[in-house]
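After this come two complexes, each holding subunit A, first together with subunit B and then together with subunit C.
Right after this comes the complex of A and B.
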């Protein structure tokens, strides 16, 4: 079977991401020409510069960075847990960030500063990671991590529901519902500055675990005998994922399925090697999320279609396919 | 390399699996680890490989094992797990190449030594023709050979293997035993758990018999595998014969307690 070489695949994905990034800069309700739009980024051109720098640039940057974060973390978690159905959601990071957001909205903190809500969401994700780490114990197994993640996700979802239930603020429910649908709209460079360091720290730490993921292909015992310190690597993966995905979710809200679908689609193209899947999934996630964000803007721009809704609608059929495929494989 | 264990104790949860095991594995020795299911064979192998929390002393070449970094340890002690599940369909060459991880600096490319070690491991296990095959397109026996090649590619002086011949046909069982015997002759220290007593008796220089988390006998096969001891430890009546190349152990029927249960 002839297959695209790995560097060629990465180059293609990088070109795709670059093209979508530029496309994201060029598409929007303000009718700016291509030349003027790009020039306005660098040279002050009044309103055009304002649109480009304050609205489109943060949106395009967040699309690429958040997408890369979700794709990368999905690839890492699937590799570590040896489970193609894993993503950051199984660690309870999304739902605990949502709890942080709800607390900010209901308490009114969110109305004091535009960054209060993302900070609160980030704190929620951080606390969840600590709780999962404490619950999962010192063992090396993936199962204890998934169980701890599911337990924390259930708890935070219940607390979110309770908070909304008791909230006297009728708008809080609406806001949190919108927040859990995820969006890249109306984000500023302040949001980028808040999320980017957390995402960057996560990327850098995760970049070092590729070999370990390859070794985990043969199971925890063999990986350990090959010189892996499983407890340490697990802690790195958990906290880097919490930082990166927590940072991303804090500014965009919950965007599901990217972390699940992207590694799944790209796995056959990298020969299933977990370390190679990481870079490919980061680029693939950036491309998918930017594409979804462009879709949101091109289809029904007036109805404020939410990003997470689009990724879920696109992602769910892949999920079905994955399950059917697994079932066929198991029945063989 | 000489690997010794003194008063090795392993507890998992609130259960004690190994109760103070003393063992010495010599350079160039092929030692078989036998005993009933649940005797603690796998736990002993994993503890020797350094992958389990344990109490007691392990010494590798006059230095406590705890004093080696995990990478140094992984360049000296190789371990072949009983679990043959391969999570992702990598190619045979890629899986075998995982054995080189302890030899590679982070982010470094494969060296010539790595490629040679993989090629040699593929040759020894006769997998050259399957080198490019995906792991999910292999038979059970081919997977076992691929994982054995992974162990060989690690190029460790000490080789530990947990039931390396389980599920293999007779030809592949013999071929696998031959590989280990050759490594022992070349100066490696080999310690493998086995359920086939005849195979263990004919190929191993020495047998270590475990029961209930303790070593109950060790020595040359003919002194360990007496009909009385087999009856006591395994609860079976066995016929022990000998021909020119060694013992033949044929399990015949359950004895005592087991027998009553069965009838």
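Right after this comes the complex of A and C.
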């Protein structure tokens, strides 16, 4: 099989993301028509402009940015931990953000200000990163990080379950359950303004460790002898993932699977260099999440399907194909 | 849950420029309460409970959209009225083009949607779930004020109180009150301070959960329920039909045995109890009937 050149692949993925972004702007319950919808984005057209600028635009932006965050962090963590099951979930970031959100809902904070819930989720993600860092110690290996992450994830999931368990209010319980399934519905530009800086800082820092991850493929000892400070890289990866994924989860709720599956799907296409896989996974994640969000709106729009549910359903066939492909390759 | 902030009038979270606010204050001062009470022309409701209150009070044409649930006869007492109204799924994008003067929402409507609508300058009025008849009256009155239909609202409160008074007279206790308990799938119950508790006690029953000291929504182990031998077990309509092996449910053999094979198991339609509307009176009436039936069968047995 002749492999697509790396720049060509990136260009293709970028075109796909752009097309899906435009598709995301064009699809919604109010029937605007393509021309009017796009025009309303730039020229004031009353309610149509409100719908485009304040409802569909933030949703489309968040779809791309959150997807990119999840794909990128998945590629980085799989590269760094050399563990095919790694994504932001193993560091406990998602479940801690969920706990933060749950606390905001149950305490009633979420009803006082629109941004109380995302801020509380973000705080949860930050605390988790600090806790994981403290637990994992100053070592250099990945295993202690995974262990610490899984421990924190179990604790925070248990606390979330406890809160649900003790919740005296069936409506709050329902809201929590829905929040943990993830959604991009009716997010505003405020959410974009809150999450984007955290995600952008995370992207920049993660992009910076790409080279180091490339060197790491030669083995930890060789990498050390090349002058890499592994402890420092580990801290950067942990905290930038917490910032980016924490910011993303804070506004969308928990969206699984993207960070796990996207690097796997793209690895055969870009080869084993982590820095290349990171760029491709960021675009791939953006495409997958936007695709899932379009699915939510096209299939059963009135049933309010949750994004986290759909990413798993949309992503699973890719994963199955990949596993079958691998098996065939091994049997040959 | 912070009840005091979610109930009653939530503060307007938009930050109006100071000048606009000053002008509005001046206008209200000059033009008086008549101006402030002017009826909104277009009202949209996105919550099953506000749907029903609004449909009962609004003038024809005032309500331009209700939630899809309002058409479901199992959940809504005014499904016929809702059938001829446009329905929404509570998404901001459907609501904005309707250019409503007021959006009626539940305090547990999607946070993101309510916040976004407010951000876009719409007036959103949230109603918390009512936990007592007093709160139902307050909600009706508030809805009347919001829609500029205070007269209709007062009339509705009046009818509500009249029917309740009749039923209360009928429910005048003679000797020991029979005991009922609400059973939710997964061994939950409604204790003191819930709407179900007030419905039960008004109909002349004792609420077992309240007797056991359970406040609001609590857990009631199957063992406790069976051991206390209630005269009646109440289940919601949707929950009654829900049979599963995973969690205890109304078809559990222990409940079947405790209710004499289901004879003393009563299914209350969800539409009478799920929302704090004047229609809770229907549930009270059914429970009064059931109490008479029980007394009659006891008398026959004696």
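Here is the rule we use: the second predicted complex is superposed on the first by the 313 of 332 C-alpha atoms of A that agree within 3 Å, B and C clash if a C-alpha of one lies under 4 Å from a C-alpha of the other, contacts with A are read in each partner's own complex, and residues count from 1 in each chain.
Methods note: a contact is a pair of C-beta atoms (placed from the backbone, for glycine too) under 8 Å apart; a residue touches a chain by one contact, two chains touch by 3 or more.
The structure presented is a predicted model; accordingly, all values stated were derived computationally and were not measured.
Visitor: For A:130, decide between first (touching subunit B), second (touching subunit C), both and neither.
Guide: Neither subunit B nor subunit C is touched by A:130.
Visitor: Would you check which partner chain A:29 touches, where first means subunit B only, second means subunit C only, and both and neither mean what they say?
Guide: second
Visitor: For A:161, select first, second, both or neither according to whether it touches subunit B, subunit C, the two together, or no partner.
Guide: Neither partner.
Visitor: Taking the superposition as given, does A:15 touch the first partner, subunit B, the second, subunit C, both, or neither?
Guide: neither
Visitor: Just checking: does A:228 make contact with subunit B only, subunit C only, both, or neither of them? Give me first, second, both or neither.
Guide: first
Visitor: Count the residues of subunit A touched by subunit B and by subunit C, then name the partner with the higher count.
Guide: C
Visitor: Which partner does A:313 contact after superposing on A: first (subunit B), second (subunit C), both, neither?
Guide: A:313 contacts neither subunit B nor subunit C.
Visitor: Determine, under the contact definition given at the top, whether A:208 touches first (subunit B), second (subunit C), both, or neither.
Guide: first
Visitor: Name the contact category of A:300: first (subunit B only), second (subunit C only), both, or neither.
Guide: neither
Visitor: List the residues of subunit A that touch subunit B in one complex and subunit C in the other.
Guide: none
Visitor: For the complex, give me every residue of subunit A touching subunit B.
Guide: The touching residues are 82, 208, 211, 214-219, 221-222, 224-229, 267, 271-274.
Visitor: Any idea which subunit C residues touch subunit A in the complex?
Guide: 1-2, 5-6, 10, 13, 68, 89, 91-94, 96-97, 99, 106-108, 110-113, 115-116, 118-120, 129, 216-218
Visitor: Touching subunit A in the complex: which residues of subunit B?
Guide: Residues of subunit B touching subunit A: 46, 49-51, 70-71, 73-75, 77-81, 83, 85-91, 94-95, 98-99, 101-102, 104, 106, 134, 147, 150, 154.
Visitor: List the residues on subunit A that touch subunit C in their complex, please.
Guide: 28-30, 47-48, 50-51, 54-56, 106-108, 110-114, 117, 168-172, 174-175, 183, 185-188, 190-191, 301-302, 304
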